[in-house]
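Before I ask anything, let me first share the structure, which is written out below as structure tokens.
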Amino acid sequence: MIKVGIIGATGYAGNELVRLLLGHKEAKVVWYGSRSYIDKKYSEVYQNMFEIVDDVCMDDNMEELAKQVDVIFTATPQGLCASLVTEDILKQTKIIDLSADFRIKDVSVYEKWYGIEHKSPQFIEEAVYGLCEINREDIKGKRLIANPGCYTTCSILTIYPLVKEGLIDTDSIIIDAKSGTSGAGRGAKVANLFCEVNENIKAYGVTTHRHTPEIEEQLGYAAGKDIKLMFTPHLVPMNRGILVTSYAKLVKDVTYEEVKAVYDKYYKNEKFVRVLEKDVCPETRWVEGSNYVDVNFKIDERTGHIVMMGALDNVVKGAAGQAVQNMNLMFGLDETMGLLQAPMFP
Amino acid sequence: MIKVGIIGATGYAGNELVRLLLGHKEAKVVWYGSRSYIDKKYSEVYQNMFEIVDDVCMDDNMEELAKQVDVIFTATPQGLCASLVTEDILKQTKIIDLSADFRIKDVSVYEKWYGIEHKSPQFIEEAVYGLCEINREDIKGKRLIANPGCYTTCSILTIYPLVKEGLIDTDSIIIDAKSGTSGAGRGAKVANLFCEVNENIKAYGVTTHRHTPEIEEQLGYAAGKDIKLMFTPHLVPMNRGILVTSYAKLVKDVTYEEVKAVYDKYYKNEKFVRVLEKDVCPETRWVEGSNYVDVNFKIDERTGHIVMMGALDNVVKGAAGQAVQNMNLMFGLDETMGLLQAPMFP
Amino acid sequence: MIKVGIIGATGYAGNELVRLLLGHKEAKVVWYGSRSYIDKKYSEVYQNMFEIVDDVCMDDNMEELAKQVDVIFTATPQGLCASLVTEDILKQTKIIDLSADFRIKDVSVYEKWYGIEHKSPQFIEEAVYGLCEINREDIKGKRLIANPGCYTTCSILTIYPLVKEGLIDTDSIIIDAKSGTSGAGRGAKVANLFCEVNENIKAYGVTTHRHTPEIEEQLGYAAGKDIKLMFTPHLVPMNRGILVTSYAKLVKDVTYEEVKAVYDKYYKNEKFVRVLEKDVCPETRWVEGSNYVDVNFKIDERTGHIVMMGALDNVVKGAAGQAVQNMNLMFGLDETMGLLQAPMFP
Amino acid sequence: MIKVGIIGATGYAGNELVRLLLGHKEAKVVWYGSRSYIDKKYSEVYQNMFEIVDDVCMDDNMEELAKQVDVIFTATPQGLCASLVTEDILKQTKIIDLSADFRIKDVSVYEKWYGIEHKSPQFIEEAVYGLCEINREDIKGKRLIANPGCYTTCSILTIYPLVKEGLIDTDSIIIDAKSGTSGAGRGAKVANLFCEVNENIKAYGVTTHRHTPEIEEQLGYAAGKDIKLMFTPHLVPMNRGILVTSYAKLVKDVTYEEVKAVYDKYYKNEKFVRVLEKDVCPETRWVEGSNYVDVNFKIDERTGHIVMMGALDNVVKGAAGQAVQNMNLMFGLDETMGLLQAPMFP
């Protein structure tokens, strides 16, 4: 049985890790870290866990935690994991970091987009970008995983096959993304109050959102060259879900069948990526509560562009689910263990 | 492996049965009955099941079905199950009826409140009212179960202990219930369109809702006498969840501890009923996606009344989850099998 | 032109006062008071007012304000108005207080339920309870009005005629109320975040909500005796609207027509109270954005009870609209001035 | 007083016309046409109008109607207006058609995208495209106005200045639009049920939506050449509002101030178009219930693109409000008459 510690267990991603790991046969959470709720019963913070989780919240002492657990999930704000991790800790335990600290290989890019100094750049090289469908083999057995961002996971998986196969002009990629409000976290801010979000849609972080360089870097690897693209996130009045609608210029005439074959080449054997049938658009409701990503595309012959669409649950495949998937790979377990719940509707 | 057939598999309760049974180790759906979608792939009707369920929808031929399966769930409009069931069918298979056809023992009460003739009253006596926490022993091994209504399950479990112990005046019970919109079903009606339900709350069926006599009958058994009560349902702009706020006059002075002891007497060992801690009110979000019912109460010394509150997920404990719980009991399985998912939040 | 000052202009009720007064021919806001946003442009706080309101937010200096305006609306937390008001101020200007400070005549009741000391009890006697439909004549020409609470307005108007005419047992009144989230204000609290409120319904303040004594006092005047009743508020995932479902025992057999005649007696000539047609239940969507209160009832012959229902927009008739209605009465204007917008749907 | 007839008065746009015209000093609805609800009281179909509108619904006899009214609004499905209008009718009354029948000058384009035969192409040439801010002078005094589509109004007003001034590459325009559900109409369809729309976002009509050629035609006039662009609409779980996020390649280096000057050139004197302050993104909540369009832009120096954003209320400026604005222009009234309500929030 894998002993798990969570730092940041009382955020939305942390609560989802708890939920998913309750259904995992080979792992058990033994440390519910939460700076805000130390000594409070976890089930008082998340009443859904009443009579299910009896533990109280612990501090975020990573050194002590490293002695007690086999893997630490850090579901914390940017910078925290990088400020706590040490070689000594990594010798004792594995870390899956749900923040952005180890996602971007070029530390200057990280520091520019995030506006903070990186406190442990010495581990960046070692960290593996935990997008399981693409970096599966690299993840196995590793001790430090950078769990991808929610928008990033959806964007990359939606666009990756066409970039990899050179079907689209990588200078023309535009990603218009829409997210449910759980992505904004559980902090008490006026902008995230019910009455401010409900009955509204807005773009935010236009041209400046931090997931931009992360997408560019990963798609750049697929293209074999640097990519600059546009990424615009939007806030949608719903709890969960991310929808990516992305656009690019096709570099040559292609048929539906040819593009479908490209998607199938990469995803036919992927349990968690579903390439939908012709003309069926991904919708967030169909993946809610699950680790699935639904993708599809539509060729626009009038303009020579292609629309690539993807949908996932930002709290599962966009955060906690992918983290568990990474844990499974790191520990040599079946990659799907604990992640096979069907999406819940409505 | 129990072979399961579902008649009405494309309603919301039907889809939830499919979802729950996919996670059940000892049962497997082999017949997806749907009069509206015959020959259509189930996953085209419910895209969440894409690449998970490959079957196509079948008709609702119960005779044929009875030959093929061990248990039939009927998640259909009132009257359908009663019109199809025969002794011959019941000799071959078990039936768990999610409609109201076999819930009410007095056929004249059924016919008055539902406004339809009962087509097979000969099975009413035999049918067991499948409220597992109360009728557990009667359910075991039976062949025909009347699965309780959603409002009913929540109302009865919330009030039952105090009626059973004689703590409240049974002439004074008022139940004010609130439900998410999935309870209204998937039929295309103007009243259930997004723009009609969203940003609105309304009462409906005031003094005439069909769950009234069902609650009265069951609480009457607990009281050992006839009960008449008020029941008012409301439609809430959310997908899932029922909250019951009920009121009654206390027949004597009681302390918090005394009432808590009464709730604990009946529910302390019940897996799916959680008596919350003092002053914590049940909320539908904390049970979403799960088979739990959260209950609690508050004594109002000023008026000599008690407020009894309960929350459940109408699609799970209020329909499909309780149906699976009944199946487990009927077949001698662990009652909680396939039903242990933690509630999902947010 | 009446010069208006608002203290608390950046709360939801304050913003609604601004919206309503923009459409008022005889009044103009000249002071947008907001302790939190002093010196910030009002339209930066409420972007709906961009290019409509050019003013910046001012402090809440009531003495200075009294010199400049004809009437002050205080849309502020409990206790603030009472701590600022003086005889000197009231000699210079009128005050309409949207908080509870002057609603309850018995200062000990106020202090008990609100848990704060009343700082200017000397004005309680003078203050008129501004429920226009009931206290119209008393309001005219007065200088200090206690604007009723949102739940209170809806509850009293729904029940008042039957209490006044002695048709119901005043010991049996139970009020189950449901409110949109704007009633919780614009403060940044975790409990009011989108993901916490959305897809949820809960009761709160059970047996202890502060609007209870206010309802009891006003209905007590109608009954000519003290009343104790139960009041339970609920939080609904919508922005605006309050629905009251209330129950009471009838003291004698009455017909629909008799009760309808009682409602008509009090409301037939009331512009803002609409007694709906038989069997039509009030719904919050039909009054949204307007000053209307929709009421109706249903007799339950089985139990000898009556269900009385009412719906209003908590930000309009439950707060800012009623405040404007009071202003109109105080200044001798047409009571409906600035309040005749039809409800907006959807 | 202008006598108004509405054909299609019981759709969402029809109800909004009624609401707006109730607040219009110079116009009065005298004919509430509704094929589905003939002889039913209008206020029974839209309970918000109880005690406000006493009329019953009439048929859609345009010939008879033409004799009685000064202007007819047709808020009806595509094809209906074209099938009813005659020279004789237009000699007696003016028509403002809220459907697409007279929006597109090339009848073959209309018939291709809408899949129906145009029944009165002889009036297409005469009809004026009623986008008031652009075609103001042409609208005055005319008898047949094609009221623009909701997505179209938002898209064109957002992009128009930059196309007109030649700042963007017209081959690179991508419009990603998001709409509230009222845009889908009041028809009873499973896809628009509350539980299907709530907690979901999806794209639809990808590469094929009928507003595409309408946007292309109008922006083509501004560019002085044919334009082909991509347009993708999305359905958002909210009642009202459209947000357009559009992208294009800049044809030269420009500063914020230069682009701002271009927007101001066209919109500084426009009452209903608000160019927001730097870095403020349009949000649908800030225009709800009003005739405003909020627009803004962001230059992305990294990619040489510009993001152009716009928000409006689809039922007001996207339908009924713009129709009233057109009526005002046609009849020589102040263009803003009846349209000056401030947006309502929350």
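A, B, C and D are the chain letters, set down in written order, and residue numbers restart from 1 in every chain.
Note that in this section contacts are C-beta pairs under 8 Å (C-beta built on N, C-alpha and C of every residue); 3 or more make two chains touch, one makes a residue touch a chain.
Every value quoted in this text rests on a predicted model; they were computed, and no experiment measured them.
The interface with the greater count of contacting C-beta pairs, when A-C is set against C-D, is C-D. Chain centres here are C-alpha means, and the one lying farthest from chain A is C. A separation of 46 Å divides the Cα centre of chain A from that of chain C. Taking each chain's centre as the mean of its C-alpha atoms, chain A lies 38 Å from chain D. For this pair, chain C with chain D, the centres built from the Cα atoms lie 36 Å apart.
Shown for chain A are the residues that touch two or more other chains, namely 12, 182, 195-196, 198-199, 237-240, 283, 285, 288, 346. Residue ranges of chain C in contact with chain B, taken from their complex: 174, 176, 178, 180, 195-196, 198-204, 206-207, 228-230, 232, 234, 236-241, 243, 245, 247, 281-285, 288, 298-300, 302-303, 305, 307, 309, 346. Those residues of chain D that touch chain B in the shared complex are 12, 181-182, 186, 188-190, 192-199, 237-239.
Residues 12, 15, 18-19, 22-23, 46-52, 182, 199, 239-240, 274, 276, 280, 283, 285-290, 294, 340-346 of chain D touch chain C in their complex.
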